[in-house]
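Reading through the structure tokens given below for one structure.
Chain nomenclature is as follows: A, B and C, assigned in order of appearance, with residue numbering initiated at 1 for each chain independently.
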């Protein structure tokens, strides 16, 4: 949702040549000071503690990777992030497609729903799923009333609940970039494919999918990496026995006060996140990453 | 064929079905909250056995909820002003400066947006412990400013890049001083970017919960922190009432943004 | 009396000399155009006068006083830009009022001046429109009104018509000419379009590689180009390779590649006997007649192509050594049957129409 301005202009030819190198740093300084003091230093300090506390060395990393508990947390994190990514691609692609071609009223309506959902307070949305998924919640009660199940399904306080809630939250981040990708395709390409003798299925697999592959990949990487570090939804919809990485970091700090190990876990999360962003930057550029 | 809705054949049925399903998936939870906030059942029965404004009354009579609401609003308001101001200056430097490392600096400013918030939350919590800033208004403002600033910089830089700089030059040739030209011509020219920056900065602070959970003290809790704390205990319908108000606020801000966009086109 | 004096200004960007020792004197009320290909230094020179660039060397004096120390906003110079630079958030009237408002003029005077300026560009009824509601041509007219609102002694125009289509361009050219006559403002105009330059200006300064190649009235540049660049840039020209056999004073004898000789052609630029040169003749100054009719000196050629382009014929001929020569002949002066392909003809011209440029 970016609000755009005035007609696009190329950089001024009048002044371009007059620019001298090394100008214009001063106005950036307040922002730079803020980011360095309130972002760079604290984060580096946290990461440093992972190799300094309780004593200098890599024992925190050794402990992290030796513990089956922590490895299971890492496994859970990847499992949930992977499932959410696949689910958002499968659901998001048809929706993005629909948005690109459906009659204006319907596509606008659905688009408004997607945007509204994206910007609705995260806690409000998570609350809705807590209500829906609880033992005596609407979903379980409805299923029991129509006789599909006799016992309430365990939908909350486990990874099922987390996955359902996170898919809900991540869907807009998949739909919006995919929508932009599909809209940028010239419809005449499919008329050409049709004249060349391609069936709908062939046109889909041989033309549409290749043309949207980069959009799908960009959206998938973004959803995956956002899911990896998510905290609120897992904390409220998940259970204590099946944590994700972000929850673990929080718990290490809040309950166990183990700053060294928390720093190590944070670094693991950071490295994975940045590595995936590097892949994204390398192949798709930053602009597309944000949709 | 594939991009022509009318000629999609049997695929159209599948597409409509999925769109309907996902539309419901995205919309129904929001409608559910709104319905429950007016429902009379303490245990969130659906459909509600009756209708009531009881939860809103409870909400507005509870000084703690009111205090949280005001706290969140004050923090978000201060963050918005600072974020737009600092972001405006930074954007001028980033789009017009000629110093080395401009791109690296831009990337640095945007990093807080892509980093997992929990890492920043834990890091700031530790840092603010030493500075005794946890649980303070100033601490909240600083932390939320880091989250909000990238939105400001993106919105304002985009607007500045689209703004034809010759227009500012023309104002100077007309006799305006460089500062006067910026205030009278460039700022109105990028006003939509400034409005976007303000809206997004406000929402970034207003909705921020992870950092706030770590930093909050019993005396200073933002709205999201109080919601989170309440949710960990029970699913009170009062939360449905709060959520409904938040949804209304979001929808209002979105309508505002849409209005300004339309205004720009006419 | 000299109104604007540009003396020996230069501008270097890094190691590149964009403007190299340019001098120019302009009298009040004159319309002078800087013409030249892109990168020739014409715009850079204009920007130095406007105050966007600081000259590396030299001086600019307006009414005898150097203006280089003043910033752009204190020079009191009007300028119209290449792109429409109207303030998008202000109405047409407010755009025109802007320079007066920043000068803190009284409201009554501003209102009067805005009305006067909009009348000058004939946009009175558009006062309350926003720039986005105007066509490109109207926007440039408002920009012109804005630039003149504070009675600047000097108006700079930086390719103001390049964003408009051909028909609008001609329309606004007339408008600019009328406004120049009406206001008597001194105008410095930059363009790469020679027709625009010829139709608008009192004098043209033709720029090439950071220098003024030739300065003069348009007709002078066309009829008496001093360098091969000027001859090539203004109007169409044929250049025939030849070698100089004798040069003396301003004239020379030459030998053509087929061995033919021509004597006493006016020579421009240093060239000694034996040097290669280019014989320049405008296509509309060339004539041809069937071989054997009369014995005028000239060049023998074969007719290879003839196209009727309305009013004139465009005829292409090949010389004995394979060079092609263009000729333009009014349709009234030739019969179609005289334009048979393969006809052997002799090209000839009036003595004053050929010019020789040393290489």
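As a working rule, a residue touches a chain if its C-beta (ideal position, glycine included) is under 8 Å from a C-beta of that chain, and two chains touch if they have at least 3 such contacts.
Which chain is which protein? Per UniProt: A, B = Putative spermidine/putrescine transport system permease protein; C = Putative spermidine/putrescine transport system ATP-binding protein.
This one's a predicted model, so the numbers in the text were calculated from it and none came from an experiment.
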| item | value |
| --- | --- |
| Chain pair bearing the highest count of C-beta contacts | A-B |
| Most remote chain, CA-based centroid, reference being chain C | A |
| Whole-Å gap between the CA centroids of chain A and chain B | 17 |
| Separation of mean Cα positions, chain C and chain A [Å, integer] | 59 |
| Cα-centroid distance, chain B relative to chain C, in whole angstrom | 56 |
| Sequence positions of chain B contacting 2 or more other chains | 164, 166, 169, 189, 191 |
| For chain C, residues contacting two or more additional chains | 52, 81-83, 88 |
| Residue list for chain A, restricted to those that touch at least two other chains | 6, 9, 14-15 |
| Touching residues (chain side chain B, partner chain A) in the complex | 1-5, 8-9, 11, 14-16, 18-19, 21-23, 25-27, 29-30, 32-33, 36, 43-44, 46, 86-87, 89-90, 92-94, 96-100, 105, 107-112, 114-127, 142-143, 145-146, 149, 153-155, 158-159, 162-166, 169, 189-193, 195-196, 203, 207, 209-210, 214, 224, 227-228, 231-232, 235, 239-240, 242-243, 246-247, 250-251, 253-254, 257, 260-261, 264 |
| Of chain C, residues touching chain B in the complex | 50, 52, 71-79, 81-83, 85-90, 98-99, 102-103, 143, 146-147, 150 |
| Complex contact set, residues of chain A against chain B | 1-9, 11-12, 14-15, 19-28, 30-32, 34-35, 38-43, 45-46, 49, 91-92, 94-95, 97-103, 106, 109-110, 113-117, 119-132, 134, 136, 138, 168, 171-172, 182, 185, 187, 190-191, 193-194, 200, 203-204, 207-208, 225, 228-232, 236, 246, 249-250, 253-254, 259, 262, 266, 269-270, 273, 277, 286, 290 |
| In the complex, chain B residues that touch chain C | 164, 166-167, 169-178, 180-181, 184-185, 188-189, 191 |
